[in-house]
Amino acid sequence: MTESVPSHETSVRVRYAETDAMQVVYHANYFVWFEVGRCDLLRSLGQTYRTIEAAGLMLPVIEAQCDYRRSARYDDELTIHTSGKLLSSARIRFDYEVRRAKDTVVAIGRTVHAAVNRDGRPVRLPAAVREIFG
Amino acid sequence: MTESVPSHETSVRVRYAETDAMQVVYHANYFVWFEVGRCDLLRSLGQTYRTIEAAGLMLPVIEAQCDYRRSARYDDELTIHTSGKLLSSARIRFDYEVRRAKDTVVAIGRTVHAAVNRDGRPVRLPAAVREIFG
Amino acid sequence: MTESVPSHETSVRVRYAETDAMQVVYHANYFVWFEVGRCDLLRSLGQTYRTIEAAGLMLPVIEAQCDYRRSARYDDELTIHTSGKLLSSARIRFDYEVRRAKDTVVAIGRTVHAAVNRDGRPVRLPAAVREIFG
Amino acid sequence: MTESVPSHETSVRVRYAETDAMQVVYHANYFVWFEVGRCDLLRSLGQTYRTIEAAGLMLPVIEAQCDYRRSARYDDELTIHTSGKLLSSARIRFDYEVRRAKDTVVAIGRTVHAAVNRDGRPVRLPAAVREIFG
């Protein structure tokens, strides 16, 4: 994958709590891993979502999507490849690929986030975030 | 909304467990409510997902998507309007609209499910399900 | 059960999201149902946890305990019997019994809560709560 | 802490999904971290819960308890110190201490587990587990 957008890989191990009676990971939990992936991407770039919030900004998810290709099971070690791209000065999109071992793609997803202030009003993304992902 | 597809409305009250530090519902939890909505839709049509699984069939989610329009908060009473539509003899799609009070749309989503047997192999949906949603 | 303490019964249906790979409910989820039980108990007595928080008070859990007697499975309808009792002017204890059908006890638990203000400092429980559970 | 029982330390970083509207970790999620702690303890001793289950044995939680001393917040790095001790040939107890930084104790808990076979009948713990924790 050749890409010029900022990206990062992070690992998660499937918790028993994340499985369901089909004995695979419950589908909603992938969105939690996406959260782990994008927060680690931000951290790898010198930002943290914690400090963004401490500065009065929030980045709620306004769209989320996931294609499930394979099942993941308890104790599996998964890699989440996350990349980010500015959609506008106030919106950012993250793309995720969840893999088991090196090359089995388990799921592919995306989330779109809008920057809002504490009153929920749309605002510009922090300058540092706009520079990184612009 | 005029529609000829089978549909159903179900209610959920937001649990504290479902909120996050933004003091709104964590986005992944909408997919759990979608599960509640489609299982209640099946039940309203004389089927239950429990009996479908007991007969050896599973309907894993192969795609999930949600647009978030408004925040939902702790203790909010929400209505989930769910409708279903056959995509093929082996795939079914459900559409969801989450509303607060009568007319505030909180979120709109969809899930696509494939019928598989206990070995994970694709199979036809149960005849009863195909008749209802076909 | 003869009791003079305020109590209430509430129903939950097991969500697929709440099950795990053992094909029973994941144990941590009982604490979420306990939350549903105590909030419904408060509501049945004319209070809501939402209004308690809106008044600047929070009731974080300072102890939680559960004995698991039987498994609960997907789609089971469970009854949560909740009762509450003041431990001091600043602490309250809730007891829970989760049953399936009329008489199968699935789990028995308790939580203890301390009243704190927005700064996390201990304060007295609201007068209405102290009167009800005293 | 001088102890002769097998023990292990594992780290978790608080996910946004694990917080609630009080802007701290929702109490039930500590039991999920306890699961992470005891599975890592088993792994550190050459066992995995995955292989125990693959051999036909399960270790459901029959009791769970937690004392909450401090709040944990989004993005906090926590250490879970887990130790295990055989209660009988069929039961095992794990104790947990969750700390932030080196010395702030956030929570202290325990879980008790019974060994059962796939039919849910009580059986002896695997010999390797009995030897390690006996």
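Read from first to last, the chains carry the letters A, B, C and D; within each, the first residue is number 1.
We adopt the following convention: a residue touches a chain if its C-beta (ideal position, glycine included) is under 8 Å from a C-beta of that chain, and two chains touch if they have at least 3 such contacts.
Model, not experiment: these values are computed from the prediction.
Contact tally for A-C versus C-D: the pair with more C-beta pairs in contact is C-D. Taking the mean of C-alpha positions as each chain's centre, the chain lying farthest from the centre of chain B is D. Chain C and chain D have CA centres that are 23 Å apart. Mean C-alpha positions place chain A and chain D at a centre distance of 27 Å. Here the spacing of chain A and chain C, counted between their Cα centres, is 33 Å. Contact of a single residue of chain B with at least two other chains is seen at positions 16-17, 21, 24, 28, 32, 53, 74. Against chain A, in their complex, chain C makes its touches with residues 16-17, 19-21, 23-24, 26, 28, 73-74.
Chain B meets chain C in the complex at residues 15-17, 32, 35-36, 39, 48-50, 53, 74-75.
By the touch rule above, chain D contacts chain C in their complex via residues 21-22, 24, 27-29, 31-32, 53, 58, 60-68, 71, 111, 120.
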